[in-house]
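Chain naming follows the written order as A, B and C, and within any one chain the residues start at number 1.
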Amino acid sequence: MPPFIRKKRHILPGFGLSMGYTVFYLSAIVIVPLATIVFGTFKMDPQAFIGTVTSPRVLASYRLSISTAIVAALFNAIFGFLTAWTLVRYRFPGRRVLDALVDLPFALPTAVAGICFATLYSPVGWIGQLLAKADIQLINAPSGIVVALIFIGFPFVVRTVQPVLAELEPEMEESAQSLGATRWQTFRRILLPHLFPALLTGVTLSFARAVGEYGSVIFIAGNLPFKTEIAPLMIMTKLDQFDYDGASAVALVLLLISFSMLLVLNSVQRLQQKAYR
Amino acid sequence: MQKNTSRKIKPQPGHNRNDHPAVQAILVLLTVLFFAAFIFMPLGLVFAEGLRKGIEIYFEAIREPYALAAVKLTLLTAAIVVPLNAVFGVTAAWAISKFSFRGKTLLVSLLDLPFAVSPVIAGLIFVLLAGSRTSFGSWLGEHGIKIIFSTPGIVIATLFVTFPFVARELIPLMESQGRDEEEAAITLGARGWQVFSIITLPNIRWGLMYGMILCTARSIGEFGAVSVVSGHIRGMTNTIPLHVEILYSEYNYTASFAVASILVFLALVTVAVKALIEHRVHIHQSNPS
Amino acid sequence: MSIEIKNVTKRYANYTALDDISLSVETGELIALLGPSGCGKTTLLRIIAGLDTADDGSVILEEKDTTNLPAREKNVGFVFQHYALFRRLNVFENVAFGLKVRPSGSRPSKSEIRDRVEHLLKLVQMDWAISRYPSQLSGGQRQRVALARALAVNPKVLLLDEPFSALDAKVRQELRRWLRKLHDDIHVTSIFVTHDQEEALELADRIVVINKGKIEQQGAPQEVYDHPANAFVYNFLGNVNMFHGRIRDGKVLLGNHQVGTRHNLEGDGDKDGQAFIRPHEIGISRIRSGENDLPGIIRDIRLMGGQIGLELETQGFDKLIEAEIPRETWRNLQLSKGDPVFITLDRVRVFTGDYSI
């Protein structure tokens, strides 16, 4: 028996080349640039860092970004689920068109969405006029921000729930019904728990996207400090003032928030996989 | 039977499993209302506003030199970014789906990064990286290479934001297709490149196309990151979305919407092509076997 | 081409798939690697093909050590369990693939390739499907194309990984017979992996029984069936009844009951062990035919076709005894549920030592 140590050989060809290129590309485009922010903030004076990040205006922007993102995500949870349900399970004229249009917020540039909503909900806009009669104003108000965030987060929920819904086996519901459950009971006890992980994934993705959203929000928000100034705009403002340190600091905290969302999502997905093992 | 290779199985709709017709009607109505408020109206608005002053003005806004320059820059960016990211996507998907190695989960999560990073931050990191405060940045400055406030910066920022699209499409697809065909090919004596081009590539062509289309749409429409990096210099570093913003902020609403309608049109095309591809794939899968 | 496998070992994180396996295969042999799921047989096959690497040991094909050779250079034909046909290529292109990817020096001309493909497809009786795509073929048809594809490059060895397990029972039987005939015509050294003992018994020149990464026994089918080396082999190759027994004074005792056996146990001393007998080796009659006969009652009758299955309850054994008798016998004896019968167990096989089913 040959006494040398065997190197692990990959059977299919091209591992070295493909791995190498992948890692190189990732590092160049993603890791190194991101590291710059992290290290940049390390170089900052800790006092200044804390000072920036906890200044009232910045805190207000975090609060705004997070709270609007949560409201929008919850709204999307309901209407996204509803949409997925009707698209998968019902048949009606125009179903295909609606199904295709779900991807529109994904494909539409955020700026276009931004100017659309700003115009639509302005006091002289189509919907704005109606709302004005009810004394509701969406321009320059957090609620306007929520509307924009609903738009951009909506496909995430639909597209994560849809495939799971589509692959549901009829036998599950049929057996529940043969055992005497009502439609509502079947839905609540059998279907909903089955679909919950996918729903959670979609909502988390929608939230993560909404927290960092910029283009679709700034037109309708009015960007009033302390009232309708979102965190990404905060960063932009500091950049315009050449306050690179300040911008980095705010960005770092926002990044931390987003990354912890990603981690949550990953653990949810892993739990999901375990449940289906 | 050959292993089922479909990722998304769509049953025939109409398996409504006995939901009461009234319930169905209400739910469908609610859905349609939601779509009307959030999708149809914005769409209609863009064209209505853009054409408000008549079709002449509409076309003028699009033909205006600055608008055209913006279109050119946007298309140029997409033409660079999409092929680069496609190559990356295919390479990464090959490494991830055909081999087992440690750290694979970490690698896959890294691919999701741009989704967790606000576009503004994406722009910021490149401004910082290429700015004079870092060693890399000062090296660039010495050699007179401008990244920020010029096209390369826009390209790189767009690369960052759109790089996962092709990979994320291909990885689940290639994983579900397995390694059997590739293994069979090498037992028959095929070399690496032959295996890839004759066996793997044709199997993933629809997924690849779909990923590239998404990537294109996103790179054309990217706003936040490019906004930070470009400096908004009209005629030089303006992309279409940025141009839309400038026009809007100058209260030139009609022109703004007119230019925006290009983007809307492109988005609709993207969505339609995607639906078509999915339809094709669906047909393929229900082939008689 | 002869194959020599020397001391091959393969370990995974928490278990050993192959434990120091050594095996030789003569040129032109058709041997079966038989064993339960997870016993390592497929791993061994893939290591021979170069689709997996061994941690220790070597694989020698026709005197050449090919252990570290990549699969591409081994000139081994491999047939996969799920066919692995190239779904985007039609039948002709699938079969021609191995010839078309040869470097331009050794590549046959277009017409030579066409001739060879047509010849092979005729051999596997799939020439009518030459322009079809895999998705248009049934499982059995796909497997035949896969075989033609593997044979196209004139491999010195043909390896088949559970080639028929994904097919319907009837198709499986047909293809089995057909494969045997093909091998008789072509005489390529072939190794196939299966967990179906019927298949191994029917097809192979030699059976290698593998369990938990080790070879339990190897030999001609009749040899392995009639003279199993241990309880595992015996149990794996067919249905069994198992009893706890003792050997005393050269006789086999099940409980208090003495039974007959083929073994010569004189001078074996007193031992505890397990006794096995196959259902079709049990004799059933209405009258006592020997002093060791056991009285019993029929609890269940299964009309399975050519053989009839009986479940018998006896005093002294808490488990029911499974017996099989030919349909004629059942008809002649006019047996029905609840009938008392006499059971003859005179061909019991005893294995001492630990074994549990």
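Criterion: contacts are C-beta pairs under 8 Å (C-beta built on N, C-alpha and C of every residue); 3 or more make two chains touch, one makes a residue touch a chain.
Note that the structure is predicted; figures quoted are calculated from it, not measured.
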item	value
Chain-level touch network, classified as line, ring, star, complete or other	complete
Pair sharing more residue contacts (C-beta pairs) when B-C is set against A-C	B-C
Computed distance of Cα centres, chain B from chain A, in Å	16
Centre-to-centre distance between chain C and chain B (centres being mean Cα positions), rounded to whole Å	53
Rounded Å distance, chain A centre to chain C centre (Cα mean)	54
Residues within chain A bordering two or more other chains	11
Touching two or more other chains - residue numbers and ranges from chain B	183, 186, 191
Junction residues of chain C - those touching two or more other chains	50-51, 70-71
Chain B-touching residues of chain A, taken from the complex the two chains share	10-15, 17-19, 21-22, 25-26, 29-34, 36-37, 40, 79, 82-83, 85-92, 95-96, 98-101, 103-113, 115-120, 125-127, 150-151, 154, 163, 166-167, 170, 173-174, 177, 183, 205, 208-209, 211-215, 219, 231-233, 235-236, 239, 244, 247-248, 251, 254-255, 258-259, 261-262, 266
Complex contacts: residues of chain B adjacent to chain C	1-3, 180-181, 183-191, 194, 198-199, 202-203, 287-289
Touching residues on chain C, where the partner in the complex is chain A	6-7, 50-53, 55-58, 68, 70-71
Chain A residues within the chain C interface of the complex	1-2, 6, 8-9, 11
Chain B partner contacts - residues on chain C that touch it in the complex	49-51, 70-78, 80, 82-89, 97-98, 101-102, 134-139, 142, 146, 149-150, 152-153, 166
